[in-house]
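In what comes next, chain A is part of two complexes: it sits with chain B in the first one and with chain C in the second one.
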Partner chain A sequence: MQPADLERALAPKLGAGLIGVEPFEGMAGRVRFHREAALDLFRTVREDLGFAHLSMVGGIDWVTHREVFYVVWSDDANQYLVLSTDLPAEDAHVESASGVWPSANWHERETWEMVDVTFDHHPDLRHLLVPDGYVFHPLLRSFKLHEPEELEVKSRHV
Partner chain B sequence: MSEMWINMGPQHPMTHGLWNLRVRIDGETVLDVDPEMGYLHRGIEKISEDRHYNEVITLMDRTCYVAGLAWEHLYIIAAEKALRIQPPERADYLRMMCEEFQRIGSHLMWYAAFVQDIGLMSPFLYGMRDRDLVLDLFQSYTGARMTYEYMRVGGVRNDLPPGFTDQARKVLDWLVPRFKEYDQLCLGSDIFHKRCDHLGVLSASDCIRHGVTGPMLRSAGVKRDLRKNRPYSLYKEVDFDVAVADGADVTARYLVRMEEMRQSVRILRQVVDWLDAHPGPVMAETVPRWMGAPYAPVGREGYLLKRQYPKGVGFSSIEEPHGEAQAYVVNEGGEHPYRVKFRSPVFANLSAARTYLVGYHVADIPPIMGSVDVCVGECDR
Partner chain C sequence: MAGRAAVPFVEIEALRVKEFIPAAKEALTALIAEQGQARLIRPVFNWAGRNSLFPLHWGLACCAIEFAAGFGARWDAERFGVVPRSSPRQCDLMIVNGTVTWKVAHKLITLYEQMPEPKWVIAMGNCATGGGPFRTAYSVVPGVDKLVPVDVYIAGCPPRPEAMLDGILRLEQLIRERKE
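So, the complex of A and B:
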């Protein structure tokens, strides 16, 4: 599967929601999309293209905006594919993929607490790796490693 | 009967690390579970953004403390792709040797801990005894038993000491009959079968829905091993079979891991023979000295001079002992990676806990979780 094949398969379903498909070393390609088309893209990639296995979800803080990327795998094509979308920093939210790939659940919880991206309609958006009540988002560039912050940590249990 | 939540952890013999499994029970039956992670979160991805490319390797040993070399390998492949550096062939073979010995070491650690969980005491001692032989090998060429810091961007730190390959062959010859003894101890025991058969069943479709990989996926009959499916390093040069079983239960996961160790021995014999026959450099010539190559030519660049690499993104995925690990390294041209993201197989395997624990009894939780092979360090990162 080449980037051009992917673009041909995705363009009719997504229309303006698809920005393009770039080549990516070691993968079928890198699909760039607008967040409005997220759910349509997830369904098409899973059901029509056969990428049944979501490996990871990650976020990158580019200061001006934030990027969320999804790495998916297809057993039939024996290939990875990365889906990536840019979100404005002041209003970073995107539709959750956990309805399409249940494995997205924990990865999105982690991305939410680390990079401050909200996943709409996520079934269980709670803290995973840092304690409840933790107000910082450690993987943002504004979180400096050498300036320790003090805070009171609430217990996880009610 | 009234329902209640109980905590198994953060300090419980079942956990093999620091995490908490909250279990909702009705009598002895498990109704719901909620794994609670984060006790070992050290912010490795954040710290990596503040370090040189080679300094991140130190963190990789601590990410998974039973499979440090496998994680170094994962990161190194991604970093080399991001920086566009090609390692010499001998370095690739050395890395494969590290990874396969590490797989044996990690599986022996799993074997020792898991079999003790189900009430067989002596296999624990045998497993730890044989793992020590592997650790001795690591010590002889990396200088450490647990935190190796052996690989470098562009190669590996040093070549093997004299006489290493003979010693490695001796260890392999010792290990092969031991695997048979392990099988006799476990598969020949009624206790083992009563505590493991038909427990923690996770079908192939559930594995894929929940992103479960590694021995758990292969125990459900899916023949997927990245060393075969998408050979990284030089795995396409060596001959081996993918271990699969079809029970999808705890016993099947035991069988898969045992077979994987036998296949690792098979790979190692080929790799050690190759290393004997092909001496050569273990570090790429193009790597600047500040990247940590101790005997690389200094060239026009001094030790502290910073070099701007062209921007790029590196992605790697390897078959780590616990499953499929991935690294995503973003290089923005500086001396530090801009963002490093790791995918831990244990993280995904644990997130499916509800699927393979609900409906079984409380006493079944230790063998089931033991068969998952939890390494909290790499889950929490």
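So, the complex of A and C:
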């Protein structure tokens, strides 16, 4: 599957929600989309294009904005595909993919606690790797290493 | 053993196996005659307890590999009466072998509270002692002594199984010196 094929398949369904499909080393391509079209894109990619397995969800803090990306796998095409969207840092939220790929659940919980991106309509948005009540988002660029005692007091856990 | 003075109770441990049983019998008989049954129980419990420390069989990080090796054929911690048990209800020793995160902290406390008294804790390795290389990390407890009272600290990253055995023997010494 080539980026041009993907663009031809996705453009009619998404319209203005699709920014474009770029070539991506070793994968079918990298689909860039606006967050409003997220759910349509997930459904199309899973049901029409056959990318049935969600391999991972991750987030990156680019300081000016935040990026959330999804890596999906198709057994038929024998290929990975990257879906990626840019979110404004001050209002970072995107529709949850866990209704389409249930395995997104824990990945989105991790992304939420690490880079502070909220996933709308997520069934269970709790902390995954850090304890409940933890107030920091450790993978943000603005996160500074704290003295352990300071972390302990500020987070008020245990 | 007839005709010889009774071996003092505290020295029984040092005897060879052949001499052990008659000497223990004689010493216990002498102690009962001298002090009565009630005062006998504590030293006997102390002696039995320190020679059969049962650590909780759990692993947190890479120190658990050394912990496991310590119970293998080469080091064989079982010759000191140390047998890992899988239930905290059967344990009197918790060896914290690895990095403790805040996420696992309350599980550790629960396990500790499930262990019957008297109980002891060994902090094995640099992470359990003071957070180790992850001390300033966002999720690591800087030393397990923030959560539970620790009796013996073992340095090393990770400590060799010999160091773990040394820690256990030092804990035995500590229990022996308790004034009870």
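Observations, loosely collected:
As a working rule, the second predicted complex is superposed on the first by the 145 of 158 C-alpha atoms of A that agree within 3 Å, B and C clash if a C-alpha of one lies under 4 Å from a C-alpha of the other, contacts with A are read in each partner's own complex, and residues count from 1 in each chain.
Keep in mind that, in the parts below, a residue touches a chain if its C-beta (ideal position, glycine included) is under 8 Å from a C-beta of that chain, and two chains touch if they have at least 3 such contacts.
All values derive from a computational prediction rather than experimental measurement.
In the superposition on chain A, A:Asp120 contacts neither chain B nor chain C. Number of chain A residues touched is higher for B, counting chain B against chain C.
In the superposition on chain A, A:Phe69 makes contact with chain B only, while chain C stays out of contact range.
When the two complexes are overlaid on their common chain A, residue A:Glu25 makes contact with chain B while staying clear of chain C.
After overlaying the two complexes on the shared chain, residue contacts for A:Gly58 are found with chain B alone; chain C is out of touch. Contacts of A:Phe136 after superposition on the shared chain: chain C is touched, whereas chain B is not. Using the contact criterion defined above for the overlaid structures, shared-chain residue A:Leu145 touches chain B and also reaches chain C. Touch criterion not met for A:Asp48: it reaches neither chain B nor chain C. In the superposition on chain A, chain A positions 129-131, 138, 143, 145 are in contact with chain B in one complex as well as with chain C in the other. The part of chain A that touches chain C in the complex is made up of residues 129-131, 134, 136, 138, 143, 145-149, 151-152, 155, 157-158.
Those residues of chain B lying in contact with chain A across their complex are 36-38, 41, 43, 45-47, 49-50, 81, 208-212, 222, 224, 229-230, 313-317, 324, 326, 328, 330, 338-339, 341, 343, 347-348, 351-352, 380-381.
Listed in rising order, the residues of chain A touching chain B in the complex are 24-27, 52-56, 58, 60-61, 69, 71, 75, 78, 80, 82, 101-103, 105-107, 114, 127-131, 138-139, 143, 145, 156. Looking at the complex, you find that chain C touches chain A at residues 101-103, 105-106, 109, 131, 135-142, 146-147.
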